[in-house]
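What follows is a single structure, written as structure tokens, with notes after it.
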Amino acid sequence: MIEVNPIIIIFAAIFTSNMIFSNFLGMCSFIAVSKEIPTAIGLGISVTMVMTVTTILNYIIYWTVLVRFNLEYLMFIIFILIIAAFVQLLEMVLERYLPTLYYSLGIFLPLITVNCAILGISLFMVTRQYNFMQTLGYAVGSGIGWLLAITAMAGIRSRLNEKSIPEGLRGTPITLIITGIMALAFVGFSGMVQIQ
Amino acid sequence: MNTILTTIFIVTCITAILATLLTISNKTIGNYGEVTLTINDDKEYIVQGGNTLLDTLRAESIFIPSACGGKGSCGYCKARVLEGGGPVLATEKPLLSKEELDSNVRLTCQCKVKQNIKIEIPEELFNVKEYAVYIEKIEQLTSTIKLLRFNFGDEEISFKPGQYVQLKAPAYEGNEEEVYRAYSIASSVNDTHAVELLIGYTGGIATTYVHHHLREGDQAHVNGPYGDFYYHEDDGGPIILAGAGTGMAPIMSILQYMADNDIKRKAIFFFGARTVDDLFLLDKLKMLEEKLYDFKFIPTLSREESQEWKGEKGRVTIAIDKYVEKGGNYTAYLCGSPQMIDSIVEALLKKEIPLEKIYYDKF
Amino acid sequence: MIKKSEVKKIFKKGIYTENPVFVQVIGICSALAVTNLMMNSLIMGIALSFVTAFSCLTVSLLKSYTPKHIRMMVQVLIISSFVIIVDIYLKAYMPNMSKSLGPYVGLIITNCIIMGRAEGFAQANPPILSFLDGIASGLGYTLVLLMISSIREILGFGTVFGFQILPETITKWTLMVMPPSAFFILACIMWVTNNRRLKLERKGVEKR
Amino acid sequence: MKNSLYYPILFMIAVTVVFIAILASINYMLTDTIAFNQESELRQKILYIFDVLPENDDPQEIKRAFDEKIKQKTINDIEVYTLIENNQEAAYAVPINGPGLWGSINAYIGLNKDFTKIIGIEFITQSETPGLGGRISEDIYKNQFRNIDIEGAADGNYIISSPQPGSNVDAIAGATQTSSAVVKMINEDLNTFFESTGVR
């Protein structure tokens, strides 16, 4: 394995290996919640936070428990259980103690458990054999990349004039086409920085 | 074998820890204690806080219609929250109009009960329930109208005379979608373990189901009661009832209510039909005429050629013109097709009966 | 017990009227990532149908015993267990397929179709119906995947399930091999189905 | 009962035990098959580099051929595979890796016993665009690396990709970046190998 600086991994995760545009993860909430900019930013920030914390938890459990007892084949179960439990706990805590934060970000938490981007990060961290700092960089970068992508999409969609689009293309289909074009644009970043 | 046991042990430890964490926090952080839920300013419930309003109401057997199951995407579960609902959430805004936001309307599946809360919901939702019923009796009244008696078993329904229930027509051979159709209750409100419906055959999904597929003893589903067409205890003046075909159903319920409660009001029932063959439930009406304080049944036939018919002929409005006194302090209940009701309302207005004393149910 | 008409309705909903991918717009992450080859799509579709059907069955069996606050955990545990079974099976008997699907097998867990059916259908319906519903949704998903991948594979590689059908000499359309093309094709499929639906709706209005 | 403190935990434990027991048993039964599959793939690739693949690709056949002809050996801390012919080392497969366009590429490159010729290449992992850079895994590209004389190569440029003058390998049309990445990693890693081991 080539040692890569965690800072470079952050940039790579934002641009060259953007979760949405090159791995297509987290598409469901990306399409459903990208109608307005404030909502998109709220969801993006929640995703980034949850992604960072759960990836670190999963990293620790993976190397201290799963690898030691040869249980790597069970990583899916453990990872998703940790994500689900963490999201639910976080929701309860925010709702009780930080209501303002809850009303702006917490309400998106139930959408996050089934967001494949979160689980995806934990799985890629294992297949790419990152060390702790690299994992941290990768999680933070991917979160920011996701936030950037959904905000950009919300910006475009809020300026889209629905009337000038053929009726059958309105809504999801046109969003998919825009995403496709954006993905092609992001191909331009390839080769700029390396992720592995 | 050993490896399998260690695996089970380790994973179980992890899930047990997570489950414990969640359970404890559910008992502590997620526990908002008991709060008071006030509905429409008069009914109070002591409920467990921490759940959504929709779930809380459901636990109290108040069913607010909801199609998406609490995901905040259908926008059906609206209700006015007057106090204690917290700020409107971003997940609700796309589904609420400006007027609704101004009048404190919220999505009950998103709004959580964390403190004492006051809400307002349509009164009729209190009683609405879904009942699993079976068909006790089917009676062919005329060539196209059947009377069906749905038995509720141990359950009870409470409704006002004149209200309707919805009957579910499930998918059957030749029909793939499930539909609900409304039918007025023809039976007495005291008969709480059953409802009787009059259902005429029109060739539609639900009436085809009723006329060609339902047999005595079959299972069916109804929910209700609904509707703001029902008997009003007002000034006690004389009552005009008018209907045609299956529109007799709510009127029968009103008449039986009057008989059961010995209400001493003058009542006159104009029933429109084409020929003698289209008249039904005559024995029951005869009985009511004897039992009630002052009740007259006036069938008017528009197409009867036979010389034996001694009753009224022509349209209902002609009979009304003949029997109703101008300026009498009447209250009117009408149930029938829109055209029929429009013409009767016109005739009643001519008799100087104010519009607010004319209740009707168009179908 | 179970009426034929009800089964028929479930399948019609899963495959056409409420197709998870192009009507409900869920579970499209993997629909885009694995559709460059038809074989991959087929295996992915079968795997997803298997997981959805059995997860729904189990969730439905356990629904009345599951405490509310750990329902989410129980559901993800059930779903991920079935995914691991699929993963182990592919690794043991179809190693090449396992390699080319890579992490997307694991990501079946977070495919919203499974969670959606488990929460939306299995939670309120008897086990056998839930099982059939799972198969129907999975089938609907598989068909869309195959539709997208057939276009991509023919234009991008000139092959169908790996068999050359276009002459070797044609210029391959590279864009079709690259992931963004899946967006365009899915959008077009939705466009066609939307138009059909709109046309039917308009006809319905005129009739009335 | 559902509201008690212990019920949810016990319920969770029960569900976990049942499911993990099933999974652990399945895994236990299939572990060997999976491990064999993974080894089999590597064996096949190493045999391919030396161009000594058995005619049928039955995994057992491959294992026999591999055990018979290939030995693992460490030259100066670098793990290489050697081809044994007539009880003598006849060729070597040296690991090389480097960044591709999308992710790192891991490969083995085959050298003859005097380290004067490249005799083959095989990619172990690569995540290049299928149909473009991904075509480095196709035989048509890899077979170009059979029998390339590197004895007289200047400045450690053993492989020169077209359209450079004096090229000995054709780049993949439309995937210039991947092609040059492969060339770069071969040249760099071979140089390091030769310098550190001093075999030449």
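All chains are identified by letter, namely A, B, C and D, in their written order; residue positions are counted from 1 within each chain.
Operating definition for what follows: contacts are C-beta pairs under 8 Å (C-beta built on N, C-alpha and C of every residue); 3 or more make two chains touch, one makes a residue touch a chain.
Just so we're clear, the structure is a prediction, and the values are computed from it rather than from any experiment.
Identification of common neighbours of subunit A and subunit D yields B, C.
With centres computed from CA atoms alone, C is the chain lying nearest the middle of all the protein shown.
Ranked by distance of CA centroids from subunit A, the top chain is B. Subunit A and subunit B have centres, each the mean of its CA atoms, that are 48 Å apart. Centroid to centroid, with C-alpha atoms defining each point, subunit A and subunit C lie 22 Å apart.
Subunit B and subunit C, compared by their mean Cα positions, are separated by 40 Å.
Once the centre of each chain is set as its mean CA position, subunit C and subunit D turn out to be 33 Å apart. The set of subunit B residues touching two or more other chains comprises 3, 7, 11, 15, 18-19, 22-23, 26, 30.
Of all residues in subunit D, those touching 2 or more other chains are 8, 11-12, 15-16, 20, 23, 27, listed in ascending order.
Contact with two or more other chains is made by residues 67, 69-70, 73, 77, 81, 84, 88, 178 of subunit C.
Taken as a contact graph, the chains are fully connected, with every chain touching every other chain. Of all residues in subunit B, only 15, 18-19, 22-23, 26, 30, 69, 171-173, 176 touch subunit C in the complex they form. On the subunit D side of its complex with subunit B, the touching residues are 5, 8-9, 11-13, 15-17, 20-21, 23-25, 28. By the touch criterion stated above, subunit B contacts subunit A in their complex at residues 3, 6-7, 10-11, 14-15, 18, 21-22, 25-26, 29-30, 86-87, 89-91, 94, 110, 112, 114.
Note for the complex: subunit B touches subunit D at residues 3-4, 7-8, 11-12, 15-16, 18-20, 22-24, 27.
By the touch criterion stated above, subunit A contacts subunit D in their complex at residues 1-2, 16-17, 22, 73-74, 77, 128, 190-191, 194-196.
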